[in-house]
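In the part that follows, the structures are each spelled out as structure tokens.
Below are two complexes that have chain A in common, paired first with chain B and then with chain C.
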Partner chain A sequence: MKFWDTLSGLDRRILYLLLALAVALPLILKPHVAIRTSEPVRRAFNAVESLPEGSVVMISIDYDPSSAPEVQPMLVAILRHCFRRNLKVILTGQLALGLPLGEIALNQVAPEMNKTYGVDYVNIGYRPGYTAMMVGIGREIRDYFQTDYRGVPLDSFEFMRAVHNYRDIGLLVSLAHGGVADAWIIYVGGRFGQRIVVGCTGVNAPNLYQFYSSGQLAGLIGGLQGASEYETLIDRPGSATLGMPAQSVAHGLIILLLCIGNLGFLISRRRKKN
Partner chain B sequence: MLLNLIGTWVAATLTIAILSFLYKENPLYRVAEHLYVGISAGFAIIYVWSFDVYPMLIQAFQRHLAEGNRAEAWILLIPAGLGLMMLLRSIPKLAWISRWPMSFTIGIGAGLGLVATVQGYLLPQVTDTLRPLVTVNNAVLYVGVISTLLYFYFSREHRGALGAVSRVGIIFIMVAFGANFGYTVMARISLLIGRFYFLLHDWLHVIR
Partner chain C sequence: MLKRNLPLAIVFTTALLLVAAFFIPHRPFGDLESRFLNWYAIVAGFTYLLGIDSLARHHILRVTRRAPGWPFSLLLVLALFGTLGLGVYSWFKFQSPFALRAPFMWLYTYMIIPLQATMFATLAFFIVSAAYRAFRVRNFSATLLLLAACLVMFGNVPLGGEVWRAVASAMHKVIPSIDPAALGALEIPAVVKDWLMKVGQTAAVRGIGIGLSLGGIAMSLRIVLGIERTYLSS
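Moving on, here comes the complex of A and B:
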């Protein structure tokens, strides 16, 4: 009985230390974990894969640094996939703090895939008031973005001359950590019939499955697990795949602690009753 | 190169400062927290100025005047005026003026949202729910939707048949909460992995 009393009175900082070890050790030791791809991620992959060469993909950075560990690997993997398929990428963002993350990913992926700014991709930047902007792009993108984020007119980029509204965009990818993905689905998917893929944090994923189930999403990538699945599908393991063993060990530890905690609680309660 | 090195060390120091809160509240944590709030606010102001106010108001005004589109230039003064009226919230005596741009914004939001919610949310979701009852999954869907809706029906006391069905609704709600919580745990662990990856890979170079 003393064992359970000791456990229930354990300093929470010891649990933090255990969790830190559960995360750090797998990252250092890199054990192999088989990653099985799920249907929503496979469909997201197929949505990009099925686009004809030269199609335009608009990627919206709807997250900020607080969600970067989960969502940034998705952006890197999707950019690699788009560039490998010779698709044209328009990068935009609905959160001011998120746009530099898009720029970091482009600077990482574009040189390794030999892609040129203005020819293969542009970054059109950020505009506040995203719902009005989402609806406005349905008429003409230049009503909101006359220039790219560096102030260069959009029409000076050859592939952008043919892009006016959602009819010219093959796929919209929203990488989100909040309600912005819902807005893309409701305002753009509902009104303009735009094909949309969402990559989101684990917190948001359960709320977005309803849109996936109803066919309003062409694919859904949820959390670090989803990112690692996408990395597996493009056959290019990255930081998400590296993080999966740590994720598994940490989850195992949490389940173990939950079981021990509840067992201790039940034993203590029974002892008090007796 | 040197800037990258300095940046990595600053980021690592701030990460450790934030994580130190897990041990106990301390001044280092508070410094990091205030820095984060201040830098985020400053960054957002610069972005709004660079991507919104300057190109869409000042530059657009100058461009329209240069092109001879006087009407399109002067009409920009209306949103500029509404924006300035919004700032009057900080002056208590004149704060009431900010209600005008606020009502304008709410009106736009409601107008945009009303149609979009029906078109992009309500109808597709209702359509997807009305599935043929030919699979077990569809039957579970029906039971889940009906029992959860009845749980939120408060015009009659939850007793008898209504009570039994609403108790089934609670089970479905609890399963949904459980799924949400499980995903939330996964998300938080992912953030921890991200920070540890940064510390071990970019800072200490333990991971290659």
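Moving on, here comes the complex of A and C:
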């Protein structure tokens, strides 16, 4: 009786220790795991892959450092994919604290792909009041962004001279951890017919499946698993693939704990009834 | 009278103009929408100033009055103005606070990123502890929820595939006619997870979404028509 009671109410410090070990050990040992690619991520990959060379992709950093471990690998993988396909990238962001993450990723990926600022990509920065900005770009991007994030006029970049509104943007990628992705879908997808791919945290993914199923999203990359799938598709494993064994073991541990806890709960309840 | 009716008239007129601007994107309504959006962006910018003023005032008062926990308020004020100072300095020195060599980026990389990531990561520990205690098979609905959660967790990571392939190999040993490679490639846990995400939970999320939207429309209409007046403190 006491054993089952103890089992159904394990001390939380034991749970914390077990979870810490479940996450840390795979990160240290780095076992190889096979990554299966799902349809939403394959469609996100195909949305980038199908763009003609020279097309413009706008990437919006709609997350901040709290979600970076999950979403930053998506940004790095998508940038690698875009640059490999010789697509032009416009980076913007709806969270002021997230924008430096975009700058960090650009400075990591652009040099390794031999891409030049202003020729292959620009960072136009952040403006407050994102719904107004989203609708405003539908008319003219310069109404909101006359310069890049360093104050250099947009028209001084050759490829930006041809970019005025969503008609000149082949694909919009929102990397989000909150409701900003919903705003892109509602205001830009719904009103201007812009093709949108969303990358989001695992917690947010269930909320976005409704837009994916209805065809309002060209692709959906959900959580660290989605990021690792995208890395697999571009054949360039990164930090998401490295993190998947840890996430696998952590999920396995949680399922095991739930089974043990419920077994203890059921047995002790039956014995109390008897 | 004017104090109560004038705001109601402004809200009603603005709402009508915005609705007209949405459906008639031509002059003069299209220009009007653009103007409203610009105002909105400017007001949104000023809300940051208002927020900083409110936060700083509150915590400086706590420090000067030596209220309980005032050292935390002092830390907050120092961090707030320290970050602001480094941002402004980086702007002048490097043309942008986000330049990789700028002191602001040092603060961002070595303090903001680890602190925010740590705060978010600690949630995992609380979730595990809470799930272990609260996720009990007390009735049919709770059992269904627990089962769905376990299936999604299992199918959403490579572990599901590995276990399924091991099951396929074990089945091949019992029934040799089964092709373990073909059966393993089916990845049933991932297929079940995909179905639950695309069909099961999407239906629930859509239901919630439709309910929220209808509630939003009803509330908007109440505000536009002046039935809901709590924003006037009346």
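Keep in mind that, in the parts below, the second predicted complex is superposed on the first by the 271 of 274 C-alpha atoms of A that agree within 3 Å, B and C clash if a C-alpha of one lies under 4 Å from a C-alpha of the other, contacts with A are read in each partner's own complex, and residues count from 1 in each chain.
Methods note: a contact is a pair of C-beta atoms (placed from the backbone, for glycine too) under 8 Å apart; a residue touches a chain by one contact, two chains touch by 3 or more.
Because the structure is predicted, anything quoted here is derived from the model rather than measured.
Colleague: After superposition on the shared chain, which partner residues are touched by A:L10: those of chain B (first), chain C (second), both, or neither?
Modeller: Once the two structures are laid over each other on A, A:L10 reaches chain C alone.
Colleague: In the overlay, answer first, second, both or neither for which of chain B and chain C A:I186 touches.
Modeller: After superposition on chain A, A:I186 lies in contact with chain B alone.
Colleague: Where does A:N46 make contact in the superposed view: on chain B (first), on chain C (second), on both, or on neither?
Modeller: It touches nothing on chain B or chain C.
Colleague: Is A:S55 touching anything from chain B or chain C once the two structures are fitted on A? First, second, both or neither.
Modeller: neither
Colleague: After the superposition on A, what does A:L97 contact: first (chain B), second (chain C), both or neither?
Modeller: both
Colleague: Applying the touch criterion given at the start, work out whether A:T37 contacts chain B, chain C, both or neither, answering first, second, both or neither.
Modeller: Touch partners of A:T37: none, neither chain B nor chain C.
Colleague: Is A:L266 touching anything from chain B or chain C once the two structures are fitted on A? First, second, both or neither.
Modeller: In the superposition, A:L266 touches chain C alone.
Colleague: With the two complexes superposed on chain A, say which partner A:P128 touches: chain B (first), chain C (second), both, or neither.
Modeller: A:P128: touches chain B and chain C.
Colleague: Once chain A of both complexes is superposed, is A:G151 in touch with chain B (first), chain C (second), both, or neither?
Modeller: A:G151 sits against chain B and chain C alike.
Colleague: Using the superposition on A, tell me which residues of chain A are in contact with chain B and, in the other complex, with chain C.
Modeller: Touching chain B in the first complex and chain C in the second, residues 16, 19-20, 23, 66-69, 97, 99, 127-128, 131-132, 135, 149, 151, 202, 205-207, 210, 213, 223, 225, 247, 250-251, 254 of chain A appear in both lists.
Colleague: Okay, in this complex, where on chain A does chain C touch?
Modeller: 9-10, 12, 15-16, 19-20, 23, 33-36, 38-39, 64-69, 97, 99-101, 103-104, 107, 123, 127-129, 131-133, 135-136, 139, 143-144, 149-151, 202, 205-207, 209-210, 212-213, 223, 225, 244-245, 247-255, 257-258, 261-262, 265-266
Colleague: If we count contacts the way the header does, which residues on chain B are in touch with chain A in the complex?
Modeller: 22-23, 40, 43-44, 47-48, 51-52, 55-56, 108-109, 112-113, 115-117, 119-121, 124-125, 127-128, 176, 179-180, 183-187, 189-197, 200, 206-207
Colleague: Quick one: which bits of chain C touch chain A in the complex? Just the residue numbers, please.
Modeller: Interface residues on chain C, with respect to chain A: 33-34, 37-38, 40-45, 47-48, 95-96, 98-100, 105, 108-109, 112-113, 115-117, 119-121, 124-125, 128-129, 131-133, 135-137, 146, 149-150, 153-154, 156-159, 161-162, 187, 190, 194, 197-198, 201-202, 205-206, 209.
Colleague: Sort out for me which residues of chain A touch chain B in the complex.
Modeller: Answer in residue numbers: 13, 16, 19-20, 23-24, 27-28, 30, 66-70, 96-97, 99, 125-128, 131-132, 135, 146-147, 149, 151, 185-187, 189-191, 201-203, 205-207, 210-211, 213-216, 222-225, 239, 242-243, 246-247, 250-251, 254.
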